[in-house]
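Next come two complexes built around chain A: one with chain B, the other with chain C.
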Partner chain A sequence: MLDAGLCRNVLISYGHNALSSDSLLAMLMDFAGDDAVFGHFGATGGYALAARRAMHEFNTGPQTWKHIAVGQRAWANLNPHAVMHGMPMSFDDYLSSKYVVEPLRLPDNCLVNDGGRAVIVTTLERAQDLKHRPAVILGLGQHNPSVQVTQSGTLAGSTGARKACETALSMAGITRDDVDACEIYDCFTYTVEVTLQDYGFFGPGEGESWFSEGTIGPGGRMPVNTSGGQLSEAYYMGLTPLSEAAMQIMGRCGDRQLGPATNTAEPNIVLVSDNGGILQAHSCCVLGRI
Partner chain B sequence: MNREKTYAIVGVGYTPQGRVPGRTSLSFHLEACANAIADAGLSQDDIDGLICYRHFPASSDENDLTSHLVAQHLGIEPAYLSQDAN
Partner chain C sequence: MAYKKPLPRINGDNREFWEGCRNHELKFQKCASCGHVRFPPSLVCPRCLCRDVEWIASAGAGKVYTYAVYHAVYHEGFREDAPYVVAVVELQEGPRLLTNIVGCSPDEVSCEMPVSVVWEDVTPDISLPLFRPSV
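Here is the complex of A and B:
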């Protein structure tokens, strides 16, 4: 609507009293039908199904996902606003934590928290007169291979992430090698793995090797989810990754700021994702400095 | 690059987060929106588009959270209102 001239300044908002109200309980109690009768319901159940399929197809598993959970927790410990700030996590902590739905353990799941988040989008022309360095939208892509989870053939990839990313990079006129950091929708650790895999950072089954040696954490060569993400900062749908990408590009992230402060690349190009359903819908956005 | 046809994020709004009891979902929307507007250096009269993200069902003692409700409580009349499906 900005392009059509309908609007000048667009506000995008999310808020939820998820932890302190009965909202999520009401949703869980509403599940009905054959799936629920046989014990399969809720997002964790659906993503556990997907993660299990991926374990079968390309031999991933907790030895891969521990790097995601622990790497993001390290970022959260540089972010005083993060819900899990001050609560460090080791590989042993991860591997000894309880299952929610096998193979997903508690730290494989995103947080349930109260709170809200909002961002404002306007033209680059108007941005010149405003307070902060603009986080410029360089490319966008969506792909939605949406089917019932029980009918899905894409739980282990490729998900909508592959085409969405190709479209976004093409619009931005860049390649994956130009990307300095990623802010990935991380409802579960496995979502991060399959998204980065479909984005082409590594092939199926290569995730464990790619994530090892602190690749995504502070000081890593491809920082991912630098606020702590939905696993360790807070859950606001796609606004968790999108707002953090904007803040990094603006250079307002304090101790967790990408660049010299964290011995990482300057965030000139940040790849951002959102995903919906059980890997049924995907959006990719390239944000950057110009 | 056409600066009138290129778009950017120019403000971010935060709220207290974690366990914050006694608050409605609407109140978190409103606080995040107000903080984002101030963060960008805009005033609420400048906001002429509002998109509320897809959302979970309302708690038993709240109304469903729509973009209309958020706009009404912010005191704005955007030219464009929208809400993603979950």
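Here is the complex of A and C:
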């Protein structure tokens, strides 16, 4: 629309009083349909089915997911806006927390919070003289298997993430090796694992080793969800990862800024994901500096 | 005592399935053209788009494709059941069904475990297909 001159600036916004109202629960209960007959409600149950199948097909489980929950919490502790700021989490804290829908524990789940987030998309020409350097959209990809969840054979991957990422990287003219950081839609810890796995950062079952040694946290070799993400900053649907990628590229992230401040690579290329349903829809975006 | 859990919403698509359940029969649509056995019921075959079907009765045997153990209570009707097992069971005829695993503790459930249908008559019109470990 911008290229065609149909508009000059596009505002993408999200706001929800999810914590102080019952609207989120009402939406998820309605979403359950006849699954409610068997006591199957909401998103945690659906992702628990996916995560359990993944545990059957390859090496994964709490020993992998603890690295994601703890790594993202470390980022949240550098972000004063994060809901979980000031609340450090250890592996023991994670492993001793209660199950919601097993195998998913409370810290495997994204937050429920009030708030909002917005980004503005404009032309590169218009962005040249803005106060901050622009975060440029270098590539986009979507892939939506959209199969009815119980009939889906892809709960343990490969999800739509694989093709969406290939498309986005190809449009950007880069490879995975060029990526400096990832902002991944993290409704659940397992979503982060299966997305990065389908993006090709590691093979099925290699996540536990890939995530260990603080790979995704401050000072890590592949920072992931540097605001704390939906698990530890706040849930604003796809705008949590997208806005954080843009802010990092603009250099507006303070104590959690990628680069020398956090002993990480400069965020020249950031891979962003969004994900819908129970791994039924996926979009991938490459944002970067030019 | 009145049944406290949600009941299925019967419509033109799923009426034949739930009427089968009332007679303790698991009935699925089989495509008259390509033979694909499908669930949930639908107007056209998801494989070949053919509209013609025959309804077949399943033998009620299958295996656990995946499962989740509900510790949280989202609906008062399930409070006394928790922790309870929601599972996707893959039937020998092909389709997968969302259901509950009963007759064993949650710790005893595993993916690929063989299971058989067991019927729970919850109202005069509605019987639910649940599954238990095969003996």
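Here is the rule we go by: the second predicted complex is superposed on the first by the 284 of 290 C-alpha atoms of A that agree within 3 Å, B and C clash if a C-alpha of one lies under 4 Å from a C-alpha of the other, contacts with A are read in each partner's own complex, and residues count from 1 in each chain.
By our rule, contacts are C-beta pairs under 8 Å (C-beta built on N, C-alpha and C of every residue); 3 or more make two chains touch, one makes a residue touch a chain.
The structure displayed is predicted, hence computed values, not measured ones.
A.B. asks: Following the overlay on chain A, give me a clash-or-fit verdict for chain B and chain C.
C.D. replies: On the superposed model, which is not a single observed complex, chain B and chain C fit side by side.
A.B. asks: Does the superposition put A:100 against chain B (first), chain C (second), both, or neither?
C.D. replies: Only chain C; A:100 stays clear of chain B.
A.B. asks: Which partner does A:150 reach: the first (chain B), the second (chain C), both, or neither?
C.D. replies: The answer is second: A:150 touches chain C but not chain B.
A.B. asks: Once the two structures are placed together by chain A, how many degrees is the angle at chain A between chain B and chain C, based on Cα centres and rounded to a multiple of 10?
C.D. replies: Result: 100 degrees at the vertex chain A.
A.B. asks: One more residue to check, A:131. First (chain B), second (chain C), both or neither?
C.D. replies: first
A.B. asks: Name the chain, either chain B or chain C, that contacts more residues of chain A.
C.D. replies: Residues of chain A touched, chain B against chain C: more for B.
A.B. asks: Using the superposition on chain A described above, determine whether A:43 touches chain B (first), chain C (second), both, or neither.
C.D. replies: neither
A.B. asks: For A:29 in the superposed arrangement: first (chain B), second (chain C), both or neither?
C.D. replies: After superposition on chain A, A:29 lies in contact with chain C alone.
A.B. asks: Could you tell me if A:53 is touching chain B, chain C, both of them or neither one (first, second, both, neither)?
C.D. replies: Touch partner of A:53: chain C, not chain B.
A.B. asks: Which of the two partners, first being chain B and second being chain C, lies in contact with A:171: first, second, both, or neither?
C.D. replies: A:171 sits against neither chain B nor chain C.
A.B. asks: Minimum C-alpha distance between chain B and chain C after superposition, to be given in whole Å.
C.D. replies: 17
A.B. asks: Per the definitions at the top, what is the overlap between the chain A residues touching chain B and those touching chain C?
C.D. replies: No residue of chain A touches both chain B and chain C.
A.B. asks: Given the complex with chain B, which residues does chain A contribute to the contact?
C.D. replies: Touch residues, chain A against chain B: 1-3, 6-24, 26-27, 30, 81, 83, 113-128, 130-132, 134-137, 234, 236-239, 242-243, 246-247, 250, 276, 287, 290.
A.B. asks: Give the list of chain A residues in touch with chain C in this complex.
C.D. replies: Where chain A meets chain C, its residues are 29, 33-42, 44-45, 48-50, 52-53, 55-56, 98-103, 148, 150-151, 155.
A.B. asks: Per the contact definition, I'd like the list of chain C residues that touch chain A in the complex.
C.D. replies: 5-9, 14, 39-40, 65-72, 74-75, 77-78, 81, 83-84, 86, 88, 95-100, 106, 110-112, 128
A.B. asks: Residues of chain B touching chain A in their complex?
C.D. replies: It comes out as residues 1, 3-33, 35-37, 39-42, 46-62, 65, 70, 78-80, 86.
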